[in-house]
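Working notes, beginning with the structure itself.
Chain lettering (A, B, C and D) follows the sequence in which the chains are written, and residue indices restart at 1 in each chain.
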Amino acid sequence: MRVALIYHTPEPERAVAMSARLCYSPVGAEQLAEKMSDEQVRNLIKKIVDMGHSSTLEHASFTFAVEGVSRVLTHQLVRHRIASYSQQSQRYVSEHDFEYILPPTVAANAVAKEKFEALMDNIRATYDELVGLGVHKEDARYCLANATETKIVVTMNARALLNFFSLRCCTRAQWEIRKMAELMLAEVRKAAPLLFEKAGPTCVTSGYCNEGELTCGRLEKMKK
Amino acid sequence: MRVALIYHTPEPERAVAMSARLCYSPVGAEQLAEKMSDEQVRNLIKKIVDMGHSSTLEHASFTFAVEGVSRVLTHQLVRHRIASYSQQSQRYVSEHDFEYILPPTVAANAVAKEKFEALMDNIRATYDELVGLGVHKEDARYCLANATETKIVVTMNARALLNFFSLRCCTRAQWEIRKMAELMLAEVRKAAPLLFEKAGPTCVTSGYCNEGELTCGRLEKMKK
Amino acid sequence: MRVALIYHTPEPERAVAMSARLCYSPVGAEQLAEKMSDEQVRNLIKKIVDMGHSSTLEHASFTFAVEGVSRVLTHQLVRHRIASYSQQSQRYVSEHDFEYILPPTVAANAVAKEKFEALMDNIRATYDELVGLGVHKEDARYCLANATETKIVVTMNARALLNFFSLRCCTRAQWEIRKMAELMLAEVRKAAPLLFEKAGPTCVTSGYCNEGELTCGRLEKMKK
Amino acid sequence: MRVALIYHTPEPERAVAMSARLCYSPVGAEQLAEKMSDEQVRNLIKKIVDMGHSSTLEHASFTFAVEGVSRVLTHQLVRHRIASYSQQSQRYVSEHDFEYILPPTVAANAVAKEKFEALMDNIRATYDELVGLGVHKEDARYCLANATETKIVVTMNARALLNFFSLRCCTRAQWEIRKMAELMLAEVRKAAPLLFEKAGPTCVTSGYCNEGELTCGRLEKMKK
């Protein structure tokens, strides 16, 4: 899996702080953006994140290039609707040479791994045969597995990202999307350390857990 | 494939007409909803649809139960973000007995069909073996095909539906989602005939085509 | 102020429960909608609300007719973006006979009230003069006050409503929109009592407060 | 009125072109972003805009600082829901020194102008008196006019902007928001000339007009 932050709003923390300041100030945004000191920006960002004045976080936008993930992951990912996606198309791009994601629990079991890999070989052979018989890519793809590797560009603003991290960095989240969320978080922390300093699952950020009986127990341990 | 309209805003056309009328009237919405005659509703709906005063269409909401569709379809479907979805989970529901969608172009070719069906048998066997080896459903599903049958509940408002139909009833749309769009359109036409009378691809509704060189030629023929 | 729930998804709790059930069930949505007992629906709704499986709440939609509110209120209201609005237009509807909202703190002070009312008379006279001089309604409205009465149709789904109530039923919310939120909550509780049983500000629903130093102190008192 | 583009996605056209290319390419996004020549970017952007492959346009985001506009304008503006806003608050910022927007049709008529200005003086006096009597800013603001100057930060992506321009650069749009839309368009054309080369009302961009009987006649003239 490879996650790269390829574009983002320049000075994301200044953009957010200036927008927040505008709400409470007689001075205009442009002037605020220029005149706020780095320390003022830092202090305001902390306050915004703590108090959840989250609408101002939307002015900072982040674009990621993601590769080496499965369609299991992307089918979950694109359910996050406050975001923008461009995904490699199985309708137009040949999957003759497809790679695939092997779940760690399968990889850890030699028999399971062998079965899984043999099936992937069978799928590849069938895909090629279908195409050879004149079936278009858009229909041949019906035989491809959920595990098939895909590539996707994802843009989210900082508010949507904090929500995404709260859900997908949770130990209860599915392992593959959690891994991606953690890589994304590591990337945005380089670009906007204060904005994302406290990002993560709700047990860490807000001291509560919504998972009911399915809780991982982390919150319990933290309380001790 | 089975598409059923299971819930919708009562009197969807009256709801829309009343909202549109409110914008231009000194009288309140509740009073308008009660007092508008059926003919006034009809005339206003026609005007709204023709002039594209589309925000008022959002007050009418429609919920569909969809079964017998593939994950190829749902991965496309959930890219429509102004909508609500609840989908059968491969993480929690066993796919031991999965059914699958056979693309018509594969079904039409005896050799292709045989290969495809043999592969589905192999996938089923592998899935069961993985589960038998202690792999959880959430990881065993990586071996399942795009063709695997799924079930989904979809809610869209009338404005989002008109946009959905304009894109997905187009002959250039992928065949499976087009079939679903056509069934959805047939359903909503029973509940709100005037709202959806002119729904469909842009060639039919608005006399233009955005498909460039890939056009199906329908618009050309219509112009003759 | 008048708030009426004029339309909503029929059987809103059944619609939500069925959608939630579908995610974890091999059976289809239509069948679930028919076969779930009232008690099953009730139990599932409680679980959904407690565990925050909130996406399923989006399948239930509610439409309100609101009258006797100010443009102070609607300018705040329409900032809630996961919602649909149709508002009486000052561009097209004459404000010759406008009514206005008198804030309670102004009404409670005889001098303030007199000044305020005198100003409203002056505004009315000026509006009429401008129109008399040939200024179009769309420009004459620039002289109208924030207090001017307006009417609006609002549609939100149950998830958006719960979020709206958590923010706007808070004692820190502006008094007018809080009053409207409370009336809306009373209305939806009649239509879907379980869905909205625990709706309200976050101190009541979830035991936390985001208002920082500005807290009203309710949470503190509740903890004693 | 002052409109400044204060932040935007770096290389907005490259960001969009790379995302579009990814959909049809076996190569990953990061590599595409690096390797596409300027000419490839240009050619692809033209194709995207012409064919309406608009989802890729969402990866480019633009943030504006807007000052010297009325609350008539912002109440319309914030109805565009696929956008982010931070607005100067009348609840927290004193309006003792408020400025106001004088509509040109009022300014053009000496009598109307005098009446309008006298009213603004009266409003200012009343606002100050209310505050002097102990009425909080959040209630005193009820007496302020729609014309009162406000400041707002607006973030929209390129797709939302094209939609915004199609509606608000139309001669039928209200004059103040049209002026703002035109200034925004001039700004983004500097940052992304190809993306916005053809932006504007639908008569110009797509050769149709939805205004019915209310059309300005521009399309008719263009056809001659």
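Worth a mention:
By definition in this document, contacts are C-beta pairs under 8 Å (C-beta built on N, C-alpha and C of every residue); 3 or more make two chains touch, one makes a residue touch a chain.
Since the model is a prediction, treat every value here as computed from it, not as a measurement.
Touch-path distance (fewest steps) from subunit A to subunit C is 1.
Same-residue interface: subunit C and subunit D share over half of the residue numbers found at their contact. Subunit A and subunit B have centres, each the mean of its CA atoms, that are 26 Å apart.
Centre-to-centre separation between subunit B and subunit D, using Cα means, comes to 32 Å. The residues of subunit C that reach two or more other chains are 55, 79, 85, listed in rising order. Touching subunit B in their complex are the following residues of subunit D: 47, 50-52, 55, 79, 206-208, 210-212.
Listed in rising order, the residues of subunit B touching subunit A in the complex are 70-72, 74-75, 78-79, 81-82, 85, 90-91, 100-103, 105-106, 109, 111-112, 115-116, 118-119, 122-123, 126, 129-130, 133-136, 138-139, 141-147, 174.
Interface residues of subunit C facing subunit B in the complex, by the touch rule stated above, are 2, 4, 6-11, 15, 18-20, 22-26, 28-30, 33, 55-56, 58-59, 61, 63, 65-67, 84-89, 92-94, 97, 151-153, 155, 157.
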